[in-house]
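Dropping the structures in below, format is structure tokens.
In the two assemblies presented below, subunit A is common to both, partnered first by subunit B and then by subunit C.
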Partner chain A sequence: MRVTLKCFATLGRFQPENAADFPLKPPETVERLIARLGIPEEEVAVVFVNGVHAPRETLLADGDRVGLFPAVGGG
Partner chain B sequence: MKILRINTRTREHRFEELGKYAGLGGRALTSRLVLSEVPADCHPLAAANKLVAAAGILTGSVAANSGRISVGAKSPLTGTIKESNSGGMFAQKLARLGILAVVLEDCPPKDAPPVNICINTDGVSVTDASAYAGKGTYECMDKLRAEFGQRTCAMLIGPAGEHQRLAASIQFSDPEGRPARAAGRGGLGAVMGSKKIKAVVLDDAGCGVVSPAEPERFKDANKRWVEILKSHPVTGQGLPAYGTAILVNIINEAGALPTKNFRFGRFEFAADISGETIAETISKRGGKTKEGCHSGCVIQCSQSYLDKDGKYLTSGFEYETIWAMGANSLIKDLDDIAMLDRTCDDLGLDTIEMGNTIAVAMDGGVIAWGDGKAAIELLRKAGTKDPLGAIVGNGCRYMAEAVGVTRVPVVKGQSLPAYDPRVVKGIGVTYATSTMGADHTAGYAVAQNILKVGGDVDPHSKAGQAELSKNLQVATAAVDSLGLCLFVAFAILDNDKGVPTIAELVSSLTGKPYGVDDVVALGAATLKDEIDFNRAAGFNAHHDQLPRFFSEEPLPPHNLTWDLTEEDLRGALVK
Partner chain C sequence: MTEAEIARAVAALSRPAPEPSPFRCAAGRALEALARKARVHVKGVEIIALRNAVAPERYLRNFAGFSFEDQIRLLESRAALLGLGGLGGLALELLTRSGTGRIRAADGDVFEESNLNRQILSSPESLGQSKAEAAAVRAASLNPACEIEAWRRFVDRESVTAFVQDSQVVIDALGGLPMRLELAEAAAAARIPLVTAAVAGQTGWVAVVAPGAASPAGLMASAKGQSAEIVSGTPAPAVGAAAAIMAGAALDVLRGRRPALWGKMLLFDLADAAFETVLL
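Showing the complex of A and B:
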């Protein structure tokens, strides 16, 4: 399966080159994806799958849009 | 500490003891004074209205991030009470001059010339400002510093305030002397313009910091306070690195970035206007990615944005502005958006209100969607006597009425900020029920709904949102009264020691007992004062509503509508 992946702000350095069409072998969870990208788990504060907050055990599906964020704030 | 009252008609002034206002500061003071002294049914631009600028309870001390100013009056934009909050150097210098608040009263005749007021250790002087009339705030700041001294700071209005436009801001100079900080919301610049005051200049030469009653206790508390702010990832890392525009991507990803006048929740070109792109652009051009809006700021969310030629263009270039002038108007050119921000600061206009006004003008066919150059040209008219400029400068609702647009994103006449309430329902509650009209800062539930700071409440469900908003509205009113930057809330909501440390700062500064309960009581009492004023001005629960289109039109990509009833919203009111 393939997902669209985006690593934002300070996580940008972990974004792979093929992030727009990132291949994964199911079953894959958010947690395993974070580890696969080499991102230290504590650096990820918010995860969106298809625009909805997703817990780490969420199973990814083909075509999902995944967004990873460090702690951010503003306003 | 004293209160300085200046009669703008007779040009007389007097210093008063705090009296019944003792123990208050910032928003608590401006709102209590407006409730006590301004008739709720007065015309906001008539003599009975008063403009109050107050330093916070902690302001003037060396407590970190305690230099915010509260400006209060009856708002010409909303007809409600208003507290508009800004950074800049004004609050600290005011407090260091021994003045807790300046109150501008009465109104001179319509044909009177504008004046500048200068306050220093010798007293108060009022001087003719005819040479400043009609000039932008950047040029005025240069002139003011040449006339009154390079170390002075000012609160001042631009041409929009002089013309009494309903969306006029009051600008404040930052540590570099640039008028890039704004008490933007609610048209308070028009109130200052009605009183014919172009600038209030402060010269605190010869004044020291406000010294604490218990210096050792205060020093210890401040050390812990700085540590709390620096150790939180938002206040210690995210905001200094990317500024507030770090929010563009996360709000877009959440499907909550209002696009094309609140039609869509995502903007195709969000990456072009993101905090990451802005920081990269600033670095490439040799600007500064982090700056404080006042001395003693340890967060440093501001910046110096340079144009293509490496020349300073703007500062205090905020997420809300970038959204309003960007996604909501479909403008994707960062330099155009920066020029719109600069133009708002220079003419003295609220950037959120102007971004919504431009989007509504685009909706009405006045200019084309996404045309940044046309937007700049339209905005510039607001500083002139051009009739179209009057419509622009009077804000979103006024523009909508003028051009026949029915999609009007306002509550109590004030336009919505940068989070769509259909998918961030907690902030929708704040927009609807705030005493200020639609205002994200009044109870920033985006933190718990989207950012997952200070708690976790599902943004798509209405459950728990009213209570969340109420608690945040109380906390915010307290933060605004203490003179603290609202961004400290990110750190204190995640740290049990946060509020006790703030109470310890107040207690050791004043030498009087002050606890966590006192902080909460301060916030609640302030909101009650504001609600009382608004009730007397004719507002009731029916006004605490979002525009109907939010309940009727689903917002892509989540296709949710606003579904909180009047009854649900009552749960957010402080009784």
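Showing the complex of A and C:
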């Protein structure tokens, strides 16, 4: 089971080398994935899975596209 | 002069628009002179011209993406724009040039040197000067049909309701996350669509929030820690990209169309050309 992962902005420093084809450890939720990547939970503002804003307890499935976005407010 | 008299005067000064446009057009200076003679606002003369199938020349390249009806609606429209920095200055530029009828724009800040990398209203000569005043001067110099109501003060919890009042779209072009949630709530309470955007480094987001629906400001407020732009900065290309998409969505709302981003959030990273549109 693999997902495509994209860590935006300041979360980019947590993005693994194999983000385009990242192996899951099922059953794995968004919350557990964030922890496994070493990202402090409070740094993630928006999670989306397959183009939909998703809650942290979302169970990930093979082929999912996961995006993690921090708080961004500049203008 | 009556509307019929103005329409006849417009017809007399009009000429066929360049190929392949199948309508007539009129020069801006001639329309402005007519407005002075008729003692009406330039916007009024432009609307009468468009009603009579004469395009003000300055809008020729707006067609055919815009119809004449769209252009009339835009000239009759009212926008509220909060923030006149990187996002807001560019949004103002695009809305004014497009022919937005009235823009209420607020910023209590003055220009400082670190604004020069991205803020189109700033220049070395304008350091220390009011952003709102610069906006009023710029808008008036770009398009006399656009009425600008510049608020030279920060909009806060107390004044935000008055700020959004009577507008058809609220544009959140604030710098930083403070006040974004309050602005979203004020827009929701007044049942006005909100167009909102922000940038950090090469990354940014743009969203259109239907009245009362979930807003990015709510999501961003849930995250602790500092906002990413404090570390990553706000470089010009990402600010320009976000501002342009934001202005396009606002122009859609103002001419009565549902923007493609309605209820959605576009997240982008120019570093790897990643563009994701997600449902809010």
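The rule is short, and it goes like this: the second predicted complex is superposed on the first by the 72 of 75 C-alpha atoms of A that agree within 3 Å, B and C clash if a C-alpha of one lies under 4 Å from a C-alpha of the other, contacts with A are read in each partner's own complex, and residues count from 1 in each chain.
The working rule: contacts are C-beta pairs under 8 Å (C-beta built on N, C-alpha and C of every residue); 3 or more make two chains touch, one makes a residue touch a chain.
Keep in mind it's a predicted model, so treat the numbers as computed, not measured.
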item	value
Which of subunit B and subunit C A:V72 touches, first, second, both or neither	both
Contacts of A:V44 with subunit B and subunit C, given as first, second, both or neither	second
Touched partner set for A:F8, first subunit B, second subunit C, both or neither	both
Subunit B versus subunit C as contact partner of A:H53, first or second or both or neither	both
Subunit B/subunit C common contact set on subunit A	6, 8-10, 45-46, 48, 51-53, 67, 69-75
Partner subunit A, residues of subunit B touching it in the complex	232-235, 237-239, 241-247, 249-250, 253-255, 265-266, 275-276, 301, 318-320, 440-441, 444, 446-447, 450-453, 458-460, 486-487, 490, 557-558
Residue ranges of subunit A touching subunit B (in the complex, touch as defined)	6, 8-10, 12, 45-46, 48, 50-53, 67, 69-75
Subunit A to subunit C touching residues, read off their complex	6, 8-10, 40, 42-46, 48, 51-53, 67, 69-75
Parts of subunit C lying in touch with subunit A, wherever the complex brings them together	83, 85-88, 173-177, 180, 197-201, 203-205, 214, 216, 219-220, 222-229, 231-234, 239, 265, 267, 269, 274, 276-280
